[in-house]
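Take a look at the structures below.
Paired with chain B in one complex and with chain C in the other, chain A is shared by the two complexes that follow.
What follows is the complex of A and B.
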């Protein structure tokens, strides 16, 4: 093959994977690097906004009897500061880094559901704008970042501020869930051939675990927020004890999300630390299996700690002990990671650049935050320190030390990959020292202030308590910290234009992203790599083209018919499974997110017509999205004849040993033989990316259902009589008929290859079941504002009906699609997957509504 | 790559590996939540016995799963040191994770059981 042919193949790949130019390109882009970068820089903008809010808070507290802010503005600023940092900066920047770098680290070309990824970004952006739009209306949220009722009920927060918070946060969390679905499917199914579970880089492991946690944690805050918004808009008394509700229900739902949220932020940050440490001390992180096990252990254990945020609400002492034990033990896997990094630095050859200094800062600050974490996990101590500045100091040590420092280490470390330019080391180190010193001056004194009795969330304090010096130091420190942040960002901004060129791998790092160009071209890799090692770039030098190395074999080295092809592999062994074709640029994500936002604004301002119209338009857009140009976007080769001829030629088949194509003439014969062995048996099998997306998405949906069912039983356990005397038990006749219809519909949908007629029939039966369900609810005479029982029953019924209605829409769309593309198995398997999941959840909700009151 | 294929043929059925991986976390999570719910029901003579039974069941579940994982460890590790080297096969890593997570959650569950034995559910 000549250089000219190789150049032509490269140009063809670039063209195939390119985004459109200009504004149209901005609105239609789906490429993981563009979307990832947007997440990162949007999050940085929100970091600056949240930082300004923090500085105003510190100015107010710098002196006793401060007058910079009034009490109302102070409440608004600490609410928006916490909300911005937790929801609009922390999660999005980590998701952005994962979206940008995980596909590169695992050797693929894009995320598996790129349009969904773009949709997630627009939802995040619009949700963030909506939250901050409250500053323009004057109705700024002021109930704290955890929005406890009854403070956030209409009685005590009558304006629209809390509605801004509830709707904005819910929208942003949905974006988070979407990103999580993407990353889980990506890492489980789209790793480079040979990248077994034990060869996944630690940052990618941490991104996978972060995303898995988000699927189980975020639905709880979505459910809690929806219940509170329904209470505020329609008077449903979920959190009102006078009508059978309980404000502690909010605390349980919120902290079942809120505690894992801390680790959702922390774990990917530790993944960044692992990546930076390995690259900058020039050896792999020691005890890889132990570090992975620690990540998993922390992730799981974090779901059993939520009550330690509620130690002072009056729970039995034994309950406090059970949760304190779990809280202590999470220090064990955290400590294992810390010792692994220290040992790696000890054993390696450190290059003391800016990223490694940020890691050192992380280690010092995070360990201090961890120690105070063990202190507040001790119930008697927590009773003294609760709601004081000691807790403020503790969580800033954990969150700034544990998240911001690693993120900045990662930004400096990966900046050359994103831009092809090197930031200034001297300015980077100066920024680090400003941040490190400023941070400790700002927050260490707050431990002492808390122990002296200075409580959180009060806008000022009187003179004469001896708190002035520590508060002034804290304020000065916060400004020094802010100067460090600004200097760091200015360094990156300057380097983007004028930094020295970095080349593809300025650090001599080990993972696959450094094998791509800097910045990576549209298609990431000219041909997909085959991986035989945890550190493929380092092992390449040692072994040459062996099976322990990164091999260049020309796989998918030339696009076929302009299609965006990637390789799907098996979960554990990463054996090739099928070629998948990804969709290209499209407007659907943007317009769908815009329609949903208009619906949200309608709810916010009580313009119900706008809300309904926005929802209907969004559904129409979703149908358009699902049916978009299926010929061009055929997702999966259904048989070998659908596979690119170049690909088959490159890898060889039983009949044809293969011949030279598309750059593979550069690879030695040994590599070609192994590549052929790898791919010759490749017959497309397994489920499509969309099927995996639906299954992972159903996990989040099931968690929302679980949160609502949890709310039902929590309210039931606190009630003297259930149902209350006003709420007669509903007759079972019509609900049983609905159940029968839905069950038969489910049975008819069971056969994977069932006829289209059976699925149409099942659709009709399910529609009948849905109609009967609506009739039963309307006929029950239940009112959403009557009492907590009737309110939660109505919410469960609406949730069940929504599941069924969406199932009907999915089926109708997919059946039409199946008729248009009869050889494509994807519409049928997507339909069956969602249908089964939705019907099972519907049946669970039916049992809770109709059976639970009779037996529990 | 051929080597990897032959290794995969040696290892136990993946079903068992997933059981050893999930048993510890699930048993601990069940123990924590069931114990939490039982605290409100056990402030009566012999009521605390239920708490101890739940602890015993959780510990037994984790121990059995760990035992299975331990017995089959050789077929996964191929005599390589687990702590210092990266396992070759993804299944090996699943096996190692199962045993490590089992050990961790066994300790947490036992310590929570000790708390149940020492602290009255009536206060």
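What follows is the complex of A and C.
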């Protein structure tokens, strides 16, 4: 290939991966960098809103008997502050950074389900706007960020504020789950050839683990919120003790989500720290396997600690001790990470720029937050500290020290990559010192205030308790902290236009994103790199890489028929498996999110016609979305196998032995050789990205089912008799018939692909089963407001019926799709995967509803 | 303050440096000045946690400082790797285990002592949380009051806690940790006070608009004083002392006060608000919001929403003369 050919090829690649211009481009873009950047700046806007709320709170508390805010405004502001920072700033900015940088770090060109990614952004944006719309209607949520019933029931919170909260938060959580599905599939299946599990950069590891945790944590709060909203709208007494409910059910469901949530924020932040430390002390983070193992250990352990948020609800001492000791355990993997960074700094050659200062600030603050974490995990001490400003101080040490400081380190570190410009170091360091000093002045005195008796969420305190000075210090500190945050952001804003040009790799960093241009072009890499080391950019000379550009030895260097091609690789070894064609710009994500939002607004204002219409339109749009892809992608292709002819040639150049430099580490050369062998014999195999998306999404769905089943058994254990009255007993005849039909429908789908006819037949049977199920439920005479038993059974039945109805829709759509493009395996795969998952979950729910009351 | 307390919980050790900054007096209601065996037990554990925590923090800072100051030159990769491994395993595994194992033992021992200590009960008191006040009942002694818990010193007390509406949480930092009041559930809190005194208590679980003004007082008394108080409180309300107070009593019933309030020994048997049988003997109004003085009482009757917006008591429209008569009556409810 001549240079001119190469230039032409790169120009065409750039065109192929371009978004459309103007407003249309804004609404239709799917590129991971655009979407990721939108997540980041939207989250920053919410950070500023949440910050203003915090300052108002501190102004009110600056003096005893403060008069800045009334109790109503105060309660609204602390609720919105917590909600905004946790749901609208923390998670989205970390997801945004992951969406932007993980594809670059692992050497691919986009997220595997780009439209879903765009959809996730719109859902987040609309959910955030909906939450803040409450300021315009005056019904601002005021139940606290953990919204405990019965305070949040209609009896004690009759306004629409809690509905705004429940629906807005649920929407944002769904966006989080969507992003998580995306990132899991991305990192498991779309890494550059040769990037084995042990060569995944730590930030990407942390993004993978964060996403995995979100799949299991977020469904619990979605389930809890749906139950509470059903209670508020239809009088179902899930949390009402007078009708068999239990307010503690909410606390369990919320904290099964809420505790992992803290680590969902913390783990990717530690990933950022690892990335920044390595780049800025110019040495890979030591003890890489231990650090990864620590991430995994924290992720798993965090799901077993939720009760330490409930030490004062009156549980047995033994339970408290168990959860306390389990909470202690987290100190070990956290300590390993902290000392791995310290050791890396020790052995490295630090460059004392702004990012590294933020890391040092993070270490100091976060370690103190961890120590107070051990304190509050100690159950007897927590009986004093719980729900006081001690805890407020503790979690701000963890969340500001442990998350905001690393995120700011990351923003400064990656800013040149996103914009091609360097922020000012002197302003960055000034901002750091303002934030560091301001933070400690604001939050350290709160430890003492808490032990002195100052409970959290109090809008005022009387004079004479000796709390004035510490509170005033805290308020002054919070304003200094805010000044630092503003200065930091102003520095970035200024550099965006005026900053010094950075070039592709201003820090001399180690991971692949620094091999791309700054800002990266639309297609990220001119050809996809092949990876032979954990620090590919540092090891390129020593390990046999081309000295000049990493890309020149890569693959997929030439576009083919204007298709957006990426490489799918195997889970462990990252061996090439298939070339995947990704969809380009499209309206479907935007309009679908808009339709869903209108449905949500319908629920909010009790306009049920609007709610129903929005839902139906959204489903129609989803069908349009599912079919758009196939039409465009397969009709353009004359070659159904999907292998572009140029890509063998691209790999072929790599076989030139002249490129190989002698060295002890032959891994990259081997990886490339192995990649080349694979390419030569490459016929698409393995499952499509959509199949993986369905499977990972099913994990989240299964977790929602698990949360509802948990709720069922929790209520059952608290009940004297189950069902509570004989009138709730149901005949088994029709449900058994429904079960039989669905089981046969499942069995008919057992063969791998299943013949078209068998799948149509299975559809008919399942539709019959669904009809019988609906008949049985309607015939049972259950009322949702009768008692907790009937209410939870109705919810389980509706969940099961929805799973089955969606399975029917998916199957119908995919069968039609399969007829339109018979050579494409994807529709069949997606259909079979969802069908099986949905039917299994349906059967589980059937067993809970019909078997559980008879045997336990 | 007796010397025993100084020995058990040296304040200067426990309190962080900001204590000085806040100009502490003996009035502060904090967990750092325990006045009962439960709070002292937790205070001892707190001391241990603070000392261990501070030691760990200093160790990490020293390691970090050395890392920042270290020179990478002069040691080969093998030395660096071995040193890193020592640091990571030493700091990440050995250090936490060395701290957490004894801490676990201390916690279990402490928890065990707290449970063990709670064997016998000298006095049972029922406390019901309301938005935004506390109903206090002595079931064995026939006493009902509000926002004040009287108890004899050196007597193990058991509080039976529940709620009439949303979740609240009882907390008296100087006497014990907090326990939630959950509707549909009865929780227990056991503790004692070892010094006569007045200790401020708080609602610790966010319970709505006036969560911030839902305080109460625990009044620990000598056995004799407590006995006297109980005797007085068990009596029905004193009949109006004079003509004006009798007229005040009529105003009380004419204006519907009795719909929510009970005055034992009269026709007033409402249960939505605090029992007023011995209102005049209490120290505060509105659950610790203002001192129980004539001016405040007048303000509370006429405009309770001005003093504590969002509480459930409606304003009572009275002219000055009527108000004066009503106050005479209420002030007589000793």
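Some notes on this structure:
Throughout what follows, the second predicted complex is superposed on the first by the 807 of 856 C-alpha atoms of A that agree within 3 Å, B and C clash if a C-alpha of one lies under 4 Å from a C-alpha of the other, contacts with A are read in each partner's own complex, and residues count from 1 in each chain.
The rule is short, and it goes like this: contacts are C-beta pairs under 8 Å (C-beta built on N, C-alpha and C of every residue); 3 or more make two chains touch, one makes a residue touch a chain.
Note that the structure is predicted; figures quoted are calculated from it, not measured.
Contacts of A:198 after superposition: chain B is touched, whereas chain C is not reached. In the superposition on chain A, contact of A:348 is made with chain C only, not with chain B. In the superposed model, A:563 lies in contact with neither chain B nor chain C.
Once the two complexes are overlaid on the shared chain, A:534 sits against chain B while remaining clear of chain C. With both structures placed on the common chain, the touch criterion links A:326 to chain B but leaves chain C unconnected. Residue contacts after overlaying the shared chain place A:466 against chain C, while chain B stays out of touching range. Looking at the superposed arrangement, the partner reaching more residues of chain A, out of chain B and chain C, is C.
Once chain A of one complex is fitted onto chain A of the other, the partner contacts of A:301 are limited to chain B, with no touch recorded for chain C.
After overlaying the two complexes on the shared chain, residue contacts for A:572 are found with chain B alone; chain C is out of touch. Of the two partner chains placed around the shared chain by superposition, chain B and chain C are both touched by A:287. Shared interface residues of chain A, touching chain B in one complex and chain C in the other, are 286-287, 290, 317, 321, 324-325, 332-333. Contact residues on chain B toward chain A in their complex (touch as defined above): 1-4, 8, 14, 25, 28-29, 32-33, 35-36, 39-40, 82-84, 86-94, 96-97, 100-101, 104-105, 107-108, 111-112, 115-116, 118-123. By the touch criterion stated above, chain C contacts chain A in their complex at residues 15-16, 18-19, 21-25, 27-32, 39, 41-42, 45-46, 49-50, 53, 56-57, 60-61, 63-64, 66-68, 70, 72, 80-81, 83-85, 87-88, 90-93, 95-97, 99-100, 103-104, 107-108, 110-111, 114-115, 131, 165-167, 169, 171, 173, 176-180, 182-185, 187-188, 200, 202-213, 215, 288, 309-310.
Note for the complex: chain A touches chain C at residues 70-72, 74-75, 144, 148, 150-151, 156, 241-242, 246-248, 286-287, 290, 294, 312-314, 317, 320-321, 324-325, 328, 331-333, 335-340, 342-350, 360, 363-364, 367-368, 371-372, 374-375, 378-384, 386-388, 444-445, 447-448, 451-453, 455-462, 464-470, 473. On chain A, the positions that touch chain B within their shared complex are 194, 196-199, 284, 286-290, 292-293, 296-297, 300-301, 303-304, 307, 316-319, 321-326, 329, 332-333, 534, 547, 572-574, 674, 677-678, 717.
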